[in-house]
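Two complexes, one shared chain (chain A), two partners (chain B, chain C).
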Partner chain A sequence: MGSLRDVLSPFTAWKHVIETPVTLKNPIGREAADRYRGFHQNDTEKCIGCGSCETICQNAAIDMVPVDDPKEGDSGLRPQIDYGRCCWCALCVDVCMTGSLTMSNEYTWVDTDPDAFRFIPGVDEKPWDAIAKGYQRPGERMLSGLTRPEMMEMEPEARIDNFDEIVAGYSREQAVLEADRCVECGLCVATCPVHMDIPDYIAAIREGDYDLGTQILYETNPFSEVCGRVCTHKCETVCAAQYEGEPIAIRWLKRHIIDNVSEERRLEIVGTPQVLPTGRKVAIVGAGPAGLTTAYDLARQGHAVTVYEAQDHAGGMMRYGIPEYRLPYDALDRDIAVIRAQGVEIKTGVRIGSDITLAQLKADNDAVVLGIGLHMGRSTRVPGSDAPGVEAAIDLLRRITAGEEVPVPKKVAVIGGGNVAMDIARSMARLQKQKYGAVGVTVTALEDFAHFLADKEEVTESIEEGIEILDARGPQEMVTFKSGKRKGEVKGLRTWKVISIFDDQGRFAPQYDEADEIVHEAEMVVEAIGQMADVSLLGDELTEALQWNRGRIAVDADGHTSEPWLWAGGDSVHGPDVIHAVADGHKLAASVSAMLAAKAEVAK
Partner chain B sequence: MRELIEHLTPRYSLGAPVFQRPGLTFVDVKRDKLRALLLDLRDKHGFTHLVLLTAVDWLEEGRFQLTYLLNNRAADQTLGLRLYLDRANPMGDTIHDIWPTAATYQRELREMFGIAFPGSPRVDEEFILEGWTDMPPYRRDFDTLAYSQQTFVERGGRETHEPRATMKHKLYPEG
Partner chain C sequence: MFSFQPDRSQYPDIGPDGKFEIDLETGKFLKLWQGPNHPGITGNMSVELTVNGDEVVEGKTHVGYLHRGFEKLMERRTFIQVFPIVCRVCVPEPDFNEYCYAAAVEELAGIETPEKAKWIRALILEMGRFNSYMMSIGGIGGALGNGIVGQWLTYVRDLMLDRFEELTGARIYHMFILPGGVRAGLPEGFEGRMEEVLATAERYLDDTEKLLFTNAVFKKRTKGVGYIDPALFESYGVTGPNARAGGVAKDVRKDSPYLVYDQLDFDVPVEHDSDIWARATVRYRDLRVTIDLLRQILAKMPKTGEVMTSLPNVLHWKIPRGETYIKGESSRGEYGYYLVTDGSGYPRRVNVRGPSYTHAMALLEHLIPGTNIADVAALMVSLHTYPPEIER
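On to the complex of A and B.
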């Protein structure tokens, strides 16, 4: 029942008919507020195609579509947005890892084709692409943290007189915090030489399922405990988190998984070969990461594998190159124990060439794999480089590991700026501290600090430990005693300031400022400028027969040499790096295994 | 403001105040003291304006928070009263007789959070959601994406690509 007012009020409204309307006649084209959330903009150069925008979208409005070929750290995909679904909430902008995705304040657009409202911002050109106004995420990385939890490390004073491991590893709380920063985009997987399932094992940490984590690690890498400590972690250089903060500490998270699974449990999880023995025999020369990974894969396929190792213990450069304070021997031994458990026989203290010949191995096996590493130090060949007191870094490191007596003078000079130079400098510093209570090591590197080869943390930690690092110094001469009882022995290193290292064509041709000369006092000068493979085990005949590539044994993509029975991989073929050696090991095993399978077919 | 809070705290057993910034203060209040406090504030202390009434879903704590934001125009002071309700059976008290505009807020909270305000005018009528049958959508356990996928038709011609699989396919197909 309406009142009288209800009946009359429509007529009273007529009094407004001559007033100016407060509504807009044509709202199209009216500018929105400065921070209005309108159509998206994407800086496609900045975008890495991680797909976090698609994952977070609550309306399934975003598809990742190929725009370019993928390359390291960039999937080549870019977000395509369906504006029939977009609710303009801007979560995609808030989660964007690079800050490439923003919103303009343009919101009006008329088109009769519904499909026009689905496009790739930044790729399909739009009138609002250059509008500066609109919504940008306030501040950096609102939805996830910018920094890693701080890793507990031994203080320099506590670590300098011993070889105890420096890094403590993450606690459960720290690891979960760090795992939570990962958006699981998986861009890192392509960059890892063995393509470890990084997002999956990080997810396992978040779930607290370390058994699953271990299982995932072992699918691609039998040296996860080693790699969790010393991997060159190329994955972290492409991590989506690095653009506005620190990359995820992938290496430390890997270590965290292994740290939380006992050796016995690890053996249970990995298990033993579940196939019948094939009766095929493979000999592997060198018990380093390449050789042992090959052995692990082949043994799990049922082949009988024997690894021959010249040193007294297995591990290769992981044991005899990397110092114990970075990689404790028992950590390495746990990785090797799992490989041994697969039935791999490791014969240590057997040198091929002298104890057994390669010809003998060829005769006794279906295939032979060389993973001999780079165990001979290169020399600077400057005057005096053959004098007593001049040492090769790689040889000294091996002797320290083997427990041999090494000379420890009060003053040591190291030539080189890579990680091996840091390893020997820090090892000698520890021995000096033990013997004299003081450190006296000077590292002279050809490169300046802006182009340094060693890892940043290695340089930082070396300096913390009292080691002097001089950049851009080129060795000219090992200064020796000219007379007296120590005549001919080293007493110092003479260096010049480096002006440039390479010439216009990029060839190695150092230029020096001869006026800037220093003589570094030292009774030992260590050369750490690179290593080469000791290929004397091949013998003359095989050396002649094999094809070579710039001093390295030439191999095809699978690691097969020019001899049908012989494969080669690891550092000696592809340069020094544990994870690359593991990748090589998988490749070698796959190639050898394919050949053995073909042989079995023929035998039928 | 501090004086007023000191005056009110023992009378209405208020919680510890948070002085957010000059002119903005928050304080917790128990449900049984709310009505008396609101009347006191409105009639004796100049808080004549209800700025808004809203809620927060503290899913992990099993409770909803109601926030009554009041303003004293003359003193340029805003006071936020926070009140907690059991999430399992969320029941608020209507204040539409104190501020008529509260009825609209309460109707919205009923629809978006599922908080009941018995006696509030038209509280059970649809507010902005038409024909809604699902869980109240501002509850944090409401899965927006799943709802959107179930409810809305996918427009044809869409295809997405997973970054990791794309990179594997193109960069290392054999590995």
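On to the complex of A and C.
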């Protein structure tokens, strides 16, 4: 069987005796490869504590734990890693929304304390914190999408001569794609003034369960249709998806849910109060978002609620401040219809103070809530600001909504750089287009574009619609006709270039370059520099009795004023938008309700 | 000529059913446990031997020492969370799990893999095969007292682990083949360093040939021992080198090419004696083919291009209802993943078809009776089985 070769050949292996050994002298000190996945590092400056790493870890090796010095807008948590569980798969690195979590190529570490192997990278200092080699997520996030689907909008030419709604809303396909990007970190929930369950209703969109979505929306917000269109979406400013991508279009997704549920179905889902009437009465002054939210909550608890509204229709600033092309009136009406269905009585065209006194309300009710909004425009008080042709934006917007006749000159100048300035500029532009076939609106804002107060999309859309926007221009004078038939009427606005707005101490003290002067030709100058509350309804006695805080009614954390029967909230107390007003409404309702419950206890 | 075979006349008679009449009460038989910790065991399993003298009359396999319930675990993990688990189903050649799982998910989710990723996947699978064969050939040497071959080839395997480390970022569990592609392209200068490893490997294989395959003792102990009748291949599910050693040229890479194997030029080595010698020889020759394939892949691979497709958000990734079976030719034979999805975010069922399941249990139990105690280890190693994939 065997040959001589088979006997001799194995002896050739002896040559290895004289070869250099291949074993490493010190394998512990060996440096790992450049992309080796070793111990974690976390750039805590970038980390927002979204917890995606914790979610994806199939070994449950990561726990999000509180740290001492979180950043504004993050969760205050950081990943703690247990190396008794970690399998070094690095999915946590791949899914990291900010790219803060990485792995060094350090792979040996000796310690006699078993607990040392559970630590918070980036917080508990480790020798490998500064090692640049190791595993980083290659390029952009691959495990979740980066961009939101483009919203269908009316083209500028199609929208400029009418007040039709501009934004079309997402289709089912678009909404699912967008909902898919959400990592359910919940940073948005913490940031939203009413703490809407955003990840949950986004999940309902993915599941196609719009009934559930509506139910979730109504748990926190009776103005979901309104907020789905005009919310200032603070949630999107903290969204984990915005790092290396666009934030989730949370506002449009909210709208998508409501768009997919009929008004009748919505009433069925929300239902009516399932409690016995308590016999307690509450009067609410002002049918804006704060007042109506308070009314909704209190009515759901069985209290008899009457809302008094000075204007002909309910809605407050949502109706009389926000133009129809951003928030169609029928959308608002559907939200209000659900609130009415709870048994809330809304008396419109009743002005408290003149038609009924506040004292009368106090006498007839167990509690009175003020949600009176900011319906008086502030004036620049520059020379000529009382001349005919100078208008307050908020007043003009109200008149447009109410269908009143407003003057529409060929040239309009707007002072202000906030959303109200954009609203009135765009409204006037539409009226001009209808009347003259051309737009002639100039907006002059104190701030430069980098510090603009208006939403970016508002500015962009305004410019698309042919509105001229000039930044860093300070109003100096309303130029008036000095003679002739129109003597005293406005014919223009004189502005100077702004060098700085605030002084070293941060006080408002604008500095101008007087050499850079422009006179903007305009037969109407609209002041859109802010609003204040009309508190004349309080009357002298109550005004005297109440405590005040810088011109606003002082309230405690629950919205309770210094008078035991009176609560106040919304724009007139806190500002600045619908969602904060809704949050205020919930707070007021809770406080009023607690007082009514206490009353009931005493009555027993 | 002088024979090592014992005189069979001293052993009990074979009964009318063709089996030994085993009666422990007679005192002629001894129970002997081989494993779970034994140098001749291919991982953590044991064989309960019944011996008569030094002849084994019966062998029962005992597995379960490594059972971690992977398939069940996977049903409670999201599709992306299964990714780090699968490689653990087979320690010495983990990449087939990663590839089969990723390909199954891609098929059911309708995801296209970039061309370059396919090449890198093939590269990794061949690197894994290289390592697996190194262990196997070193093992067969070790099982027959020729431990130096094991030491040499373990060294060569370690060099390949260095290449794994620089390519994938890990040495053993690479976790590199994600659904959608692979994690990264080749590092700078990788081809050169790989060529060094392959050259070293060839040098050590030349020495191995002289020490092991041109060795009267090795031939004596392996030729004609552990014969598997090719007629049994179908019924015992024998695939891969074990079948190729019996003249059946089955190889998934050739029979139903996956990844880029249709663009590679290679032959499938076949032997005919179906004994331990033939199986060791087939593996040795196939290892040479693997080295050639590694060179081909590196030469033909596209130099540019994406290696990973964007996935849907993996945190709530749902895959439509469906089922698929993805297979590949591992170093031990046909390796497959059967994946069933039900439209939810979790796999409904993952079934791993590892060749060790049939080779290490039913086939081994069939082959053991009649062997010498000293040959059992070599027999086991010659079947080239990895217990973790039996107990997934």
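Here, the second predicted complex is superposed on the first by the 580 of 604 C-alpha atoms of A that agree within 3 Å, B and C clash if a C-alpha of one lies under 4 Å from a C-alpha of the other, contacts with A are read in each partner's own complex, and residues count from 1 in each chain.
Everything that follows uses one rule, which is that a contact is a pair of C-beta atoms (placed from the backbone, for glycine too) under 8 Å apart; a residue touches a chain by one contact, two chains touch by 3 or more.
Computed from a predicted model, the values in this text were never measured in an experiment.
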(message) Is A:203 touching anything from chain B or chain C once the two structures are fitted on A? First, second, both or neither.
(response) second
(message) Is A:135 touching anything from chain B or chain C once the two structures are fitted on A? First, second, both or neither.
(response) second
(request) Quick one: classify A:115 as touching chain B (first), chain C (second), both or neither. (result) first
(request) State whether chain B or chain C is in contact with more residues of chain A in the superposed arrangement. (result) C
(message) Just to be sure I read the superposition right, which of the two partners does A:63 touch: chain B = first, chain C = second, or both, or neither?
(response) first
(message) Under the stated touch criterion, which partner chain does A:401 make contact with: chain B (first), chain C (second), both, or neither?
(response) neither
(request) Answer with first, second, both or neither: which of chain B and chain C does A:88 touch in the superposed model? (result) second
(request) Identify the partner contact of A:301: answer first if only chain B is touched, second if only chain C is, both if each is, neither if none is. (result) neither
(request) Under the contact definition given at the top, report the residues of chain A touching chain B in one complex and chain C in the other. (result) 58-59
(message) Show me the residue ranges of chain B that touch chain A in the complex, using the header's touch definition.
(response) 144-145, 148-149, 152, 154-155, 157-164, 166-168, 170-172, 175
(request) Can you check the complex and tell me which residues of chain A touch chain B? (result) 49-51, 54, 57-60, 62-66, 69-71, 75-77, 82, 84-85, 114-115, 118, 185-187, 189-190, 195, 199
(request) Give every residue of chain A touching chain C within the complex, in rising order. (result) 1-3, 5-7, 9-10, 12-13, 16, 22, 32-37, 52, 55-56, 58-59, 87-91, 95, 135, 138, 142-145, 180-184, 203, 206
(request) Show which residues of chain C lie in contact with chain A when the two form their complex. (result) 1, 77-78, 80-85, 148, 152, 155, 162, 165-166, 168-170, 173, 175, 180, 183-184, 187, 207, 210-212, 214-217, 219-220, 223, 308-316
